[in-house]
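In what follows, structures are represented as structure tokens.
Here chain A shows up in two complexes: once beside chain B, once beside chain C.
The block that comes next holds the complex of A and B.
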């Protein structure tokens, strides 16, 4: 049991892969490198898939890509509502990134969302987007006034929301990925052959994609709430 | 000391109690809704899965705290 605990703890630590030798050395963590890999793959796939698109006589590949993109954008736009539809591009990108990041563990990489810093950064980006959307829609005055809605007594709670919302977004994603990872490691200790493959379908594929969806759903819910009058 | 840490981690996982009850109630209501309106099956299923993922978060918080207690209090 000691060995298992030590092994898991070793896997949980985020190692520094290399150090950039400027400003006294900037450490580049493993999650950053895996994020670069995900970025590279996503960009490469988009470039390869969208090459040679035409307006008429489209190929089967173009039809399939257009269907996928329309479905994904439609999914996010339906959550954002009409007014927030302009933010669908960013949220779809986040959905793709978290989705790939959660299931990249299958290919032997360490999932970047297992690093608390990554999920915290994503959550902070979300909350900044929500506040920026509120300012854009209602102006600075309307945004500040929004904190006293519906009655003045709830103002402290509304301000507290600024902290608890990103915290819960960040902890939910991190905890789910970490939990799935620990459970998978324990299952591998019990029986390393068929069993992990079956459970990996649920924990890595289903739960990973579901959490990406939940993250985007909650962010779009906050945006929708922030920009409505 | 280590037994106290184990007890603490066990108490932290008690948060899973709420998630279990919540998801149980949600699933029960969803089954009722499907029985009443079988044609709304897809919509109900989507909302149920989303609600379950949100309710599950409390259990996950407890789990994270338990792991942290074990890892950092040695």
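The block that comes next holds the complex of A and C.
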């Protein structure tokens, strides 16, 4: 049991892969390196998939890519509403990134979403995007006024939202990935055959993709709420 | 924290050039075993790296995935619109042509009818004229024939009268046995007789 605990602990630790020797050394974490790998793969796949697109007599590959991209963007756009549709590109990127990051453990990498840096970065970007969208839609004055809506009494809570929302986004994702990982390790200890495969379907695949969806869904919800009058 | 990272990072940095990350991980773990609970929740410069990564990925997706797909769909839409427009124009032209043909056809039909009617009228007139001609000719022929027949009869009659007169004269000469004298006087007598006989008829 001691070994299990140590193994889990080790997996959960955020390792520094290498250090950039400037400013007294900048440690680049494993999550960042894995993110680079994910980025590389995603970009490479994108380039390969979108090669030689035609307007007629399209290949099955093109049809599939068009369908998937349109559906994904459509899904996010439908959550954002008409006015927020311009942010669909970024949020779809986040959806794809978190989705891949959550399930990349299957391929032997350590999920970047197990690093608080990553989930916090995503959450901070989300809340910045929400506020920026609000300012763009309503102007600085309108945005500031939005804190006193619907009544002045709730102003402190609205301001508190600026902290709690990203915190909840960050912790939900982090906690889910962490929890799923710990549970999977424990299940593997109890019975190393068949059983982990079944649970892996839920914890590694379903929950991973679900959390990506939840993250994007909530961010869209916040944006939609922020930009409408 | 940065001091720890530096120590380990240097060690890791040296090793990662030759080996995989696993070896590095072990190095890191051994060095940080004591403070690992802290490291699990570390927040540092990697947050900034992640932000940059995500923004880069979003940009890359826009350039390499969403952009091309949206562009090709827009282009296809454009082409489809063009095709529709072309088809619409063609159909309009075809409709116009059809209308023209219909008008021409109707005109032709009318002309045909008119021509036929005129022809029939002409034919009728011609027919009537011919028949009239024929009738006229037939009437002329008939009347001519009648006139001729009359004149012939008249001539035959005249000749017969003369022959009878001669026969009577001859018979009388034979009966009397002598030549009738004063032939001219006697001839008048016969004529009278004959006239009476003719009247009796």
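Basically, the second predicted complex is superposed on the first by the 229 of 229 C-alpha atoms of A that agree within 3 Å, B and C clash if a C-alpha of one lies under 4 Å from a C-alpha of the other, contacts with A are read in each partner's own complex, and residues count from 1 in each chain.
Just so it is clear, contacts are C-beta pairs under 8 Å (C-beta built on N, C-alpha and C of every residue); 3 or more make two chains touch, one makes a residue touch a chain.
Fair warning: this is a prediction, and the values are worked out from it, not measured in the lab.
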*Could you tell me whether chain B and chain C fit or clash when both sit on chain A in the superposition?*
fit
_First, second, both or neither for A:12, with chain B first and chain C second_ = both
*Applying the touch criterion given at the start, work out whether A:214 contacts chain B, chain C, both or neither, answering first, second, both or neither.*
first
*Identify the partner contact of A:171: answer first if only chain B is touched, second if only chain C is, both if each is, neither if none is.*
first
*Touching A:179, do we find chain B (first), chain C (second), both, or neither?*
first
*Partner chain(s) touched by A:131 [first = chain B, second = chain C, both, neither]*: neither
_Chain touching more of chain A, residue-wise (chain B, chain C)_ = C
*Once the structures are superposed on A, label A:189 by its partner contacts, choosing first (chain B), second (chain C), both or neither.*
neither
*asked:* After the superposition on chain A, what is the angle at the C-alpha centre of chain A formed with the C-alpha centres of chain B and chain C, rounded to the nearest 10 degrees?
replied: 110
_Taking the superposition on A as described, I'd like to know which of chain B and chain C A:89 touches: first, second, both or neither._
second
_Nearest-approach distance, in Å, of chain C Cα atoms to those of chain B in the combined model_ = 5
*Hey, what residues of chain A end up touching chain B and chain C alike?*
9, 12
_chain A-touching residues of chain B, taken from the complex the two chains share_ = 49-50, 53-54, 56-57, 60-61, 63-64, 67, 70-71
*asked:* Using the touch definition from the top, list the residues of chain A that touch chain B in their complex.
replied: 5, 9, 12, 168, 171-172, 174-176, 178-179, 182, 210-211, 213-214, 217
*In the complex, go through chain A and note every residue touching chain C.*
9-10, 12-19, 21, 24-33, 35-36, 39, 42-43, 46-47, 49-50, 53-56, 62, 65-66, 69-70, 73, 89-90, 92-94, 96-97, 112, 115-118, 120-122, 124-125
*Could you please specify the touching residues of chain C with respect to chain A in the complex?*
2, 5-6, 8-10, 12-13, 16, 21, 24-25, 28-29, 32, 36, 39-51, 53-58, 60-62, 64-66, 68-69, 72-73, 75-76, 79
